[in-house]
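Below you'll find the structure, written out as structure tokens, and then a few comments.
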Amino acid sequence: MKFTLVIFSAPHSAEGAASALRFARALLASGHNLYRVFFYGDGVHNASALEAPPQDESHIVAGWQALQQQHQLDLVVCIAAAQRRGLLSASEAERLGKPAANLAAGFELAGLGQLVDAVVYSDRLVTFGD
Amino acid sequence: MSKSILALCRRPPYGDALAREGLEAVLAAAAMEQAPVLLFMHDGVFQLLKDQNAKSIEQKSVRRNLEALSIFGIDKLYVCQHSLEKRNLNCGQLRLPGIAIELIADPGRFIAAFDSVLSF
Amino acid sequence: MTLHIVSKSPGYSNALMDCADSFVEGDILLLIEDGVYALSSLPENIPVQAVHYLKADVNARGIVVTMEYQGIDDTRWVELCCQQNPVVSWFK
Amino acid sequence: MTLHIVSKSPGYSNALMDCADSFVEGDILLLIEDGVYALSSLPENIPVQAVHYLKADVNARGIVVTMEYQGIDDTRWVELCCQQNPVVSWFK
Amino acid sequence: MSKSILALCRRPPYGDALAREGLEAVLAAAAMEQAPVLLFMHDGVFQLLKDQNAKSIEQKSVRRNLEALSIFGIDKLYVCQHSLEKRNLNCGQLRLPGIAIELIADPGRFIAAFDSVLSF
Amino acid sequence: MKFTLVIFSAPHSAEGAASALRFARALLASGHNLYRVFFYGDGVHNASALEAPPQDESHIVAGWQALQQQHQLDLVVCIAAAQRRGLLSASEAERLGKPAANLAAGFELAGLGQLVDAVVYSDRLVTFGD
């Protein structure tokens, strides 16, 4: 089946971020298709290139990146939610006149249309709350 | 491809970002001609209250987003009757120009009829 | 005596009921943010004259306050914090 | 029929009671994260055989489950999502 | 300067960061010889449950932080009796090596006696 | 009186961030002293240099910076909470081998000792929750 996940939880702030990553691994291991992961609300922080948790805490950003490489996942971060929360790509930083960019590799910024498209083309939609 | 989509709106308007960002997603879907059905439940019914003056806390009113729904052809909202009664509210306090409100007595059966549910 | 600040709605959070467990005579309750949705259904052990709310948060939400609670501005909020101690926030 | 996923504790959130308002026969309830604290006090209208929980979240918290609810792993969670539809998350 | 400080611990351990970050602040204060008094209330009492195995969700157990309290001279914790009873728990399920637990029947009077309260 | 504020709310995610800023303005206008503002938990995002809310939404980061300049405020961001959430100064970014820094001007990273010190030396402690 084709799944889309919507993630509202920030890593290290709400357990939903870790639950979503575990769920994604399980569904891929079961042979299902992960059509898209859409990071919305505080979930945009899952795509931070600057996160540096202590060595003995799990690194959720790196977890998504590894899964993305392995399965060519479509990891989409809502651009409007990201701007409000200080998560910018290099081109967005330049356009907005901000001093740096912090979007991690493997993620892309896009509009809410990508959420709508994912809802329409997936068999299942699972939301991970904040 | 046509799918029935429900947007479940359960948060009050200004305490956190969920109500506003939920409505932004609904408007985006409606603009792509995939208008979801909106069901307001629990504290989500407070999004509809008239006479919100969010300037007093330096925010924008969510009523603006709600009023934009009719531009995109959404002319009816669903509201959980029990949630309304529990908060001593009536439909007259929620009126939106050009948009009808229908009360839902059995939200469980209502929700189960959709292909996809977005929770906000 | 304590100033209790509650910022969440009883419609989704137990913060106000949790605060009420620790409310004693002479304490003051201040409702802010989503806490103002509690103005229509306050716990019985909190006396009317102890209840304060931020007018800015009530106006933002379009709530009509029918009881004789004290609507205050930010300046008065600061005064309440000076007058009472400790200040305890009940959130989440 | 619907799969309801509840991720908050009844000790601080109304999410579970809100979900129970919308629970109909044939639906399934899955408790995850802080939702597993509800295992000792589930609403009466949710039948025992409908209740599932993530074993990982129960083990993390040191909870002892005394009733005959279904403890599941992530793989079974995915299966439940395939078997039921829609999937509705109750958080906050 | 000496002040009485209360740390009010109300959150269960793993659903969000507040329990863990609260205990980190308590340990920092204790290390600076400003040890706060700890009162566990509401779902915060779940922080104390024995046999937590947080590895199953790829987290660290908060019991490690709690056990470190005795190193910094904190040898007693306060627990709200009503919160415990409401959750059908007893003190035996919360035991920590080298740390006593005292039940508080009237948390309101207890809290009011402190100069400063940190809410976690 | 000497106040210290502890802030757990991220701007644009929880109203507490805006409430705290308004409260700070009111106490300074009343002639009180603001000993320190300590940003903890998700409150660290108040110090993001990359936040770009829409023009018609309030800019809380800029609000704190303006107040800081006017009153020489001590705006302290918990360094451990910030690392977990991807909020780094230039020197921290270099030390941790991260590609950019995003701590806004006017804020400084420091340890929890700064919270403890503030509790001890303030007359009033007010917490703004998440």
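Letters A, B, C, D, E and F mark the chains in the order given here, with residues in each chain numbered from 1 onward.
In the analysis below, a contact is a pair of C-beta atoms (placed from the backbone, for glycine too) under 8 Å apart; a residue touches a chain by one contact, two chains touch by 3 or more.
Every value quoted in this text rests on a predicted model; they were computed, and no experiment measured them.
Participant: Look at both sides of the chain A and chain F contact and report whether the same residue positions are involved, with over half shared, or different ones.
Facilitator: Since more than half of the residue numbers are used by both chains, the interface counts as same.
Participant: If you average the Cα atoms of chain E and of chain F to get two centres, how far apart are those centres in Å?
Facilitator: Taking the mean C-alpha position of each chain, the two centres sit 26 Å apart.
Participant: Find the geometric centre of each of chain D and chain E from their Cα atoms only, then give the gap between the two centres in Å, rounded to an integer.
Facilitator: Centre-to-centre distance between chain D and chain E: 27 Å.
Participant: What's the distance between the Cα centroids of chain B and chain F, rounded to whole Å?
Facilitator: One centre to the other, that is 34 Å.
Participant: At which residue positions does chain C touch at least two other chains?
Facilitator: If we look for residues of chain C contacting two or more partner chains, we find 7, 11-12, 14, 18, 33-34, 56, 85-87, 89-92.
Participant: Could you say which residues in chain E touch two or more other chains, in rising order?
Facilitator: Only 10-11, 14-18, 42, 57, 59, 116-117, 119 qualify.
Participant: Any chance you could list the residues of chain F touching two or more other chains?
Facilitator: Within chain F, residues 8, 12-13, 15, 19, 22, 41-42, 57, 80, 84, 125, 127, 129-130 contact more than one other chain.
Participant: On the basis of the stated criterion, which chains touch which? Give every pair.
Facilitator: Result for touching pairs of chains: A-B, A-D, A-E, A-F, B-C, B-D, B-F, C-D, C-E, C-F, D-E, E-F.
Participant: For the complex, give me every residue of chain D touching chain E.
Facilitator: Its residues touching chain E are 7-9, 11-12, 33-34, 37, 40, 55-57, 59-63.
Participant: Going by the contact rule at the top, pick out the chain D residues touching chain C in the complex.
Facilitator: For this pair, the touching residues of chain D are 11-15, 18, 92.
Participant: Quick one: in the complex, what on chain F touches chain A?
Facilitator: For chain F paired with chain A, touching residues are 10-13, 41-42, 45, 48-54, 57, 80, 83-88, 92-93, 96, 98-102.
Participant: Provide the residue numbers of chain C that touch chain F in the complex, in ascending order.
Facilitator: Going through chain C, the ones touching chain F are 5, 7, 32-34, 56, 73-75, 77-79, 81-82, 85-87, 89-92.
Participant: Please give the residue numbers of chain F that touch chain E in the complex, ascending.
Facilitator: It is residues 6, 8, 40-42, 80-81, 84, 111-113, 115-117, 119-122, 125, 127, 129-130 of chain F that touch chain E.
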